[in-house]
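Pasting the structures here.
Look for subunit A in each of the two complexes below; its partner is subunit B in the first and subunit C in the second.
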Partner chain A sequence: MAYLFQIDCVRYACSCGSLKSIAKIYFCRHCLSIRCGYCVCHEVDSYYCSNCLENPPASEVRLKKYKCSNCFDCPCCFETLSIRSGQVLVKSLHTTQEESKPVTKKIYYLSCTLCRWSSRDAGIPDQTVATGSWREQESPNTYRITALINFYKILGSIEKQQKERKKFQSKRIFLQFEKFGITSTMARKRVGQLPLLQSNTQSDQPQPSEASEEIEELSQDIFTKSIDITKITTLDQRLQHPELQVENINELRPQRKQFIVKRSQRCRFCEHTVSKPDYCPTSTKFKIQLAAFYHVPELRIVACEPLRLGYSSELLLKFCNPTQHQTQIILLSMDTPMMPTTTTLQGIKEEINRENVQMGCDSPNLLPSAVRQAIVVEEGRQVNIVINAEVILPSSSFILPPRDDAAEYDDPSDSQNSQDDPKLVVWRKGNKAIIRLDVIPYVDKDKMVKDEPIVVGLAMQYGYINTIATLEHKAPQKLDLKVKLFLTLGNLVHNIL
Partner chain B sequence: MSDLMSPSSRRFNIKIGSGALVCEEAILKGDITIGSHTVVHPRASIIAEAGPIIIGEGNIIEEMSTIINRISPDDTGTPVQIIGNYNVFEVDSTCEASKVGDNNVLECKAYVSKQVELTNGCVIGASCSLRDEEVVPENTIIYGSQCHRREMNDKPYPQLGQLEYLMKMLLGYHHIYKPNMPPPKTESST
Partner chain C sequence: MLRSYEGTRYISDKQVIVLDIGSAYTKYGYAGETAPRGIINTEIKCPESRELRKIYSYKDEDDLYQLLVEFLHMIFFKCVVISPKDIKIVILESPLIPSKFRNTLAKVLFRHFEVGSLMVLPIHLVTISTLGVDTLLVLDVGYQEATLIPVFEGVPILKAWQALPLASKAVHESITREMKTILSETESTEKLIENIKVRTCFVTTMERSLKLETDNPFKPPPDVKYYTTRTFEIPGSVREKAFEVLWQRDNDNLSVPTMILDSIIKCPVDTRTQLAENILLIGGTVMAKGFASRLKTELLYLLNSELYKEKLKIKTFKFHTAPSKPNYTAWLGGAIFGSVDLPSRCITKENYLELNRVPDWVNLIDNRKDEASNTI
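The block that comes next holds the complex of A and B.
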């Protein structure tokens, strides 16, 4: 998801230890923790062509070598080629009765709208059918590659056969040498002798490739001839088609467009899906989208006074509550434990473990366990970011009202929350509030790297209502979750001496 | 310069060939000659600051595009900006080139500075800019954010269909300047 402004100014610490902006992280409602692209399982849902939106089934995609059969990429600038039509006068070949009349015939050629490359430029003849007739460029090694693939397929099947045979014969211990084609008496004779040469060398084994020492001589004028850069392909153009790597621009041929995938993402800890797109390639919607943007309060930097070493500067932060529930926000120091807590009816704080989080069903992964990707859970990494300023944390908390889409059109009513600490909360409207904090860059000069931007860290505790429980007719669980935030505030103002 | 703004003197300095279509909303300043069958859209600006601008036949000068003969300190005498035939200046392109040949296309937001000379059949891609002194060889295409160059085998086709269409459409919706130059017989002598 794209994020307007402040691309990387405010970063949230993911449970795996990477730092990302809120637009790039997910919130797993089942483990109540933040997940990012690095710590979820990526699963390919479907393949489709970004140009014609064709989505063939996965088996067909493999046959097509993950490339669209109708769409082409420009070999020059890698944009999608468009099919242009033109008309050409063709003298009909039927010279039977009347004098042959010139007939207009529709012809098609490929052209790029960005760099104006066209199939006519490359000398590819125009086609009479719009799609399907474009010949694909043959790789010079096709024969060799298919030979190798076939050979390895045979090897694979032999290995499979052997495995199956082993399965059956493992019970018949007394015929242990049978599988080698000899009886036990023959085996006894052979003990101590040289092993038999394997006689069944595959006749269809492809020729092993040989390295040759001779290389083509360079032409005499290689160093003296001036080069016309516009006629030589660039490195990018060559690497786009690694099997050919043509040298001259006019040898470039259109290449089939590669399919792109729709993928769903799954939490590695609880195996619940955090993001699942609509199957249809024309749709940009999601079936499941547990983006943190919808669950975790969003923080933006509104303004920051010029930063000076050892002096406090005012920092204005805007908090926004995206959920349908009121939430209380407490700012804490970085070293508070990150475990989610809940307050019981008796008013006692209680830590929540994974076991007593109210979850839905255990494992929602419907795939059979054989197909399922083995889930690797990595330990969270240490966040290694240098914090070079101190935030003076407020002693009081503040409350963010629930999001109300209609409220944006109402007149602002200031009286909605009068118990705010006027020193802390500067502004408030709907589900948003701006608070004021003080920031002091550390005086410790040894730690300071020159021209490094000032980074402050703080932990935000926010109230979260676990609504999954309501599905099971339980009262929604109120939780206090915490997330670590890193704010990049910009460079120090150079001291006026 | 201020008297150039008054309608009478403006009309006096602008020569429009027969069959050319120049909208009144176009911004024209200075000594400008526009050849026959050239279309100048409304809000296009042609500004002859340093010297006269001579535009050939069948050009399309689209909205917000600028053709300007800019004053530069190292000019000697009055430089003339000459633009050939069947060029297309797309929306918001800027052309300061002293000499433009035939069949060139300046795509949207393209920029060509004064020191550049465009020959024939060149395409300056969208948002590409040419700022250094050079003569762009024929049929060069400049494209992409890195301003890659490529040579095309044939020049872009003249936009005859587009010209014909614009002649019909613009005439119906805009006030235009009347051509004030004698028919092409004598025009070729200019």
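The block that comes next holds the complex of A and C.
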């Protein structure tokens, strides 16, 4: 699926304008268009710990502050710490018994297998239970900040009440800069007024901070004492724990591991899910996966003759039909309209409105369109790619048979399609076909940037069977969809004449 | 699923994300918490060219838009792990930020991530909420520049603003210059220079600094052995001189301490003493050892110099200590402010999509005198 070394030689144009390889795009079956990671709505589906694979429900995750309660990260090298156990002899405290036998007790400590940091070196006492007893460092300022938050919450509610009273006067939409704002109007209002009286002296107003003249002076021994750099933390180690940002290595404390998420992706236009992973963190499967790879014919470059400026070179392309239905492929020029079309029973071509498609495909679990939020339209991305070669398009179309998994193991049968144009189709097997095209790099020398790879663009029209049963169309609807393709063919070969 | 009394507060509210996108580091976390969840570099791997790029190194608006989409995607799904759709976001920004940046940021948040509402707060102003005071002179020394805006009784005195490119970046450049003989060009990455600065350098005293350039300076502090792929020594003089660039006055006689004094001069006479006695230093650079004490000595020295003797009659300077580390104090201000439910101060999605703009203090439309002015 993904190409070796991930070189995107063949790129598909998404409906938002991004160019991506087929492995990275989705095909929304409901609005029949190509979507990519940029133009779908990402949502957090489930949380899990990457180390112990625990996946608590979303409400619990929030209480746990999005961190795993059992796993820790090394404060030195940020790898996962492992819990080690050891045994220690404990003298029995019961002195009543004559012989106080030493009892062995199991104890646990944390250790990093990568950098050899251990909780013992840091002076953290060993624990008698493996998990759950490791203490978190408390922020020294929690009390003060909570008091401040509560104070500002009260101020906020007072302001809300006042707003409520003046509800019918206020017409402005943006009140953001008032009172706490920085507009000149605000400053003007305050001019000439008495200093703000502390009228709202609630009993729970925290003591305002006291400024002091005394500041911590630079200690004199910094000029004489030599520094061992290995004992001082790096900036990354400090920022790992923003609350304390300790300076000495031995003051570092392990941090609880953060949960990571599984994302589901939703089409922005019809709000149908295009990708939804399995809830279980051990599974790598998907509940819904509308990858374009399963719906859109895949194109690969088989071979290309050396490219010379102004001369035509032969290009072999391999097409593969991933669907269960036969499809007809027509190659068109880049400037054809991209609207999907269908052929009616009478044989008349008609364009399909995107709205119509959507209407017909409303499944019952989605909200009715009246309740649905307005679609936020994002500007499309500009396709900034220079096409610097012309491709001679074939006049005829060709047909790809449906995919048949069993056929892979059959002997190559000579069921060659006699309708094929032998000039176009050079090879055929199962649901795959190789076609031959001619490519001519532009002669326009001024525009050519040296060593820029040659890119050709073409549009592919392919037949698609819409199998989603809708109220209007009981029978599967036959559609002709189009996608723009950009092929990077490599550099020019300089003529040595 | 409520387990503790504390938990009830977190559960009942919708979570609010507080973001402080600085030019070097981005602080992210949830409103109502005492510290950010993380501090990360403001940079992202460009998906097309696969190189690490700083967000502020953008070429144009489209480029910035793509960078911000990638960067915020990482913040939402790898850092704060929350679905961005319809949530409330608090953004901290300097009032001196380019309009291009804030407009593009709002566009990305509303158009791409479809956030519910956005509250944009000016850094210097919200910082007062970490102290519970009304009057404060806030000096923010970050990466790109040092900025200063005094706040008096809850109103920023905008005309007294100060900004100079004297911050981390200038310090890094000076260290790189000093280390030229020891580190090759490819070796002296910003990351390494920054670590050298944080781990070994300090702000020296004024007394020593004056002698540094003379013929008989004090004995420099000991050299430090530093280990990377190879071992090298950082000379003591480099450690001592690293921050000198912040105090050397340039051709216009400007430096970090003069910013404070110049700003106080621009303020009304009756506010000056109060401002001088309520100074707060924020930003990562002020965490350097000896920064505050050097600043104080410089300020007192300048007060008696010819330049300011006549103009200023201040005797003392007093400094506040915020309940946080200086590099995330502004974030904490946003986290306290963001926990308060103030729907009227937010830009909602509906409003943004209708008007397609973010209110800005420089914009005349937002500065109109209101006929229905709601003073308290």
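We take it that the second predicted complex is superposed on the first by the 282 of 497 C-alpha atoms of A that agree within 3 Å, B and C clash if a C-alpha of one lies under 4 Å from a C-alpha of the other, contacts with A are read in each partner's own complex, and residues count from 1 in each chain.
Please note the rule applied: contacts are C-beta pairs under 8 Å (C-beta built on N, C-alpha and C of every residue); 3 or more make two chains touch, one makes a residue touch a chain.
The model shown is predicted, which means the values in this text are computed figures rather than measured ones.
S.K.: Figure out whether A:63 sits in contact with subunit B (first) or subunit C (second), or with both, or with neither.
M.R.: Second partner only.
S.K.: Thinking of the overlay built on chain A, is A:230 touched by subunit B (first), by subunit C (second), by both, or by neither?
M.R.: After superposition on chain A, A:230 lies in contact with both partners, subunit B and subunit C.
S.K.: Between subunit B (first) and subunit C (second), which, if any, makes contact with A:222: first, second, both or neither?
M.R.: Only subunit C; A:222 stays clear of subunit B.
S.K.: Touching A:328, do we find subunit B (first), subunit C (second), both, or neither?
M.R.: Neither: A:328 stays clear of subunit B and subunit C.
S.K.: Of the partners subunit B and subunit C, which touch A:148 in the superposed model: first, second, both, neither?
M.R.: second
S.K.: Subunit A residues in contact: does subunit B have more, or subunit C?
M.R.: After superposition, C is the partner touching more of subunit A.
S.K.: Figure out whether A:116 sits in contact with subunit B (first) or subunit C (second), or with both, or with neither.
M.R.: Touch partner of A:116: subunit B, not subunit C.
S.K.: Output check: A:76 vs subunit B and subunit C. Expected answer is one of first, second, both, neither. What do you get?
M.R.: first
S.K.: Going by the contact rule set out at the top, does A:283 touch subunit B (first), subunit C (second), both, or neither?
M.R.: Neither subunit B nor subunit C is touched by A:283.
S.K.: Classify the contacts of A:248 with the two partner chains as first (subunit B alone), second (subunit C alone), both, or neither.
M.R.: In the superposed model, A:248 contacts neither subunit B nor subunit C.
S.K.: Show me the subunit A residues, by the header's touch rule, that subunit B contacts in one structure and subunit C contacts in the other.
M.R.: Comparing the two interfaces on subunit A, one with subunit B and one with subunit C, the shared residues are 229-230, 234.
S.K.: Using the touch definition from the top, list the residues of subunit A that touch subunit C in their complex.
M.R.: 38, 41-44, 47, 57, 59-60, 62-63, 66, 139, 141-142, 144-146, 148-149, 151-153, 155-157, 159-160, 162-163, 166, 169-190, 195-196, 205-213, 215-218, 222-227, 229-230, 232-235, 238-239, 242-243, 245, 258-261, 263, 374, 376-379, 381-382
S.K.: Subunit A touches which residues of subunit B in the complex?
M.R.: Touch list, subunit B to subunit A: 123, 125, 140-141, 143-144, 148-154, 156.
S.K.: Which residues of subunit A touch subunit B once you look at their complex with the stated criterion?
M.R.: 76-77, 114-117, 120-121, 229-231, 234, 249
S.K.: In the complex of these two chains, what residues of subunit C are touching subunit A?
M.R.: Per the touch definition, subunit C meets subunit A at residues 1, 3, 7, 10-11, 15, 25, 27, 32, 34-40, 62, 66, 69, 73, 76-78, 80-85, 95, 110-112, 114, 119-120, 122, 125, 129-134, 153-158, 194-195, 198-200, 202-205, 208, 218-219, 221-222, 224-227, 277-279, 287, 289-290, 292-294, 296, 316-325, 327-328, 332, 336-337, 339-342, 344-347, 349, 351, 353, 355, 359, 361, 366-370, 372-376.
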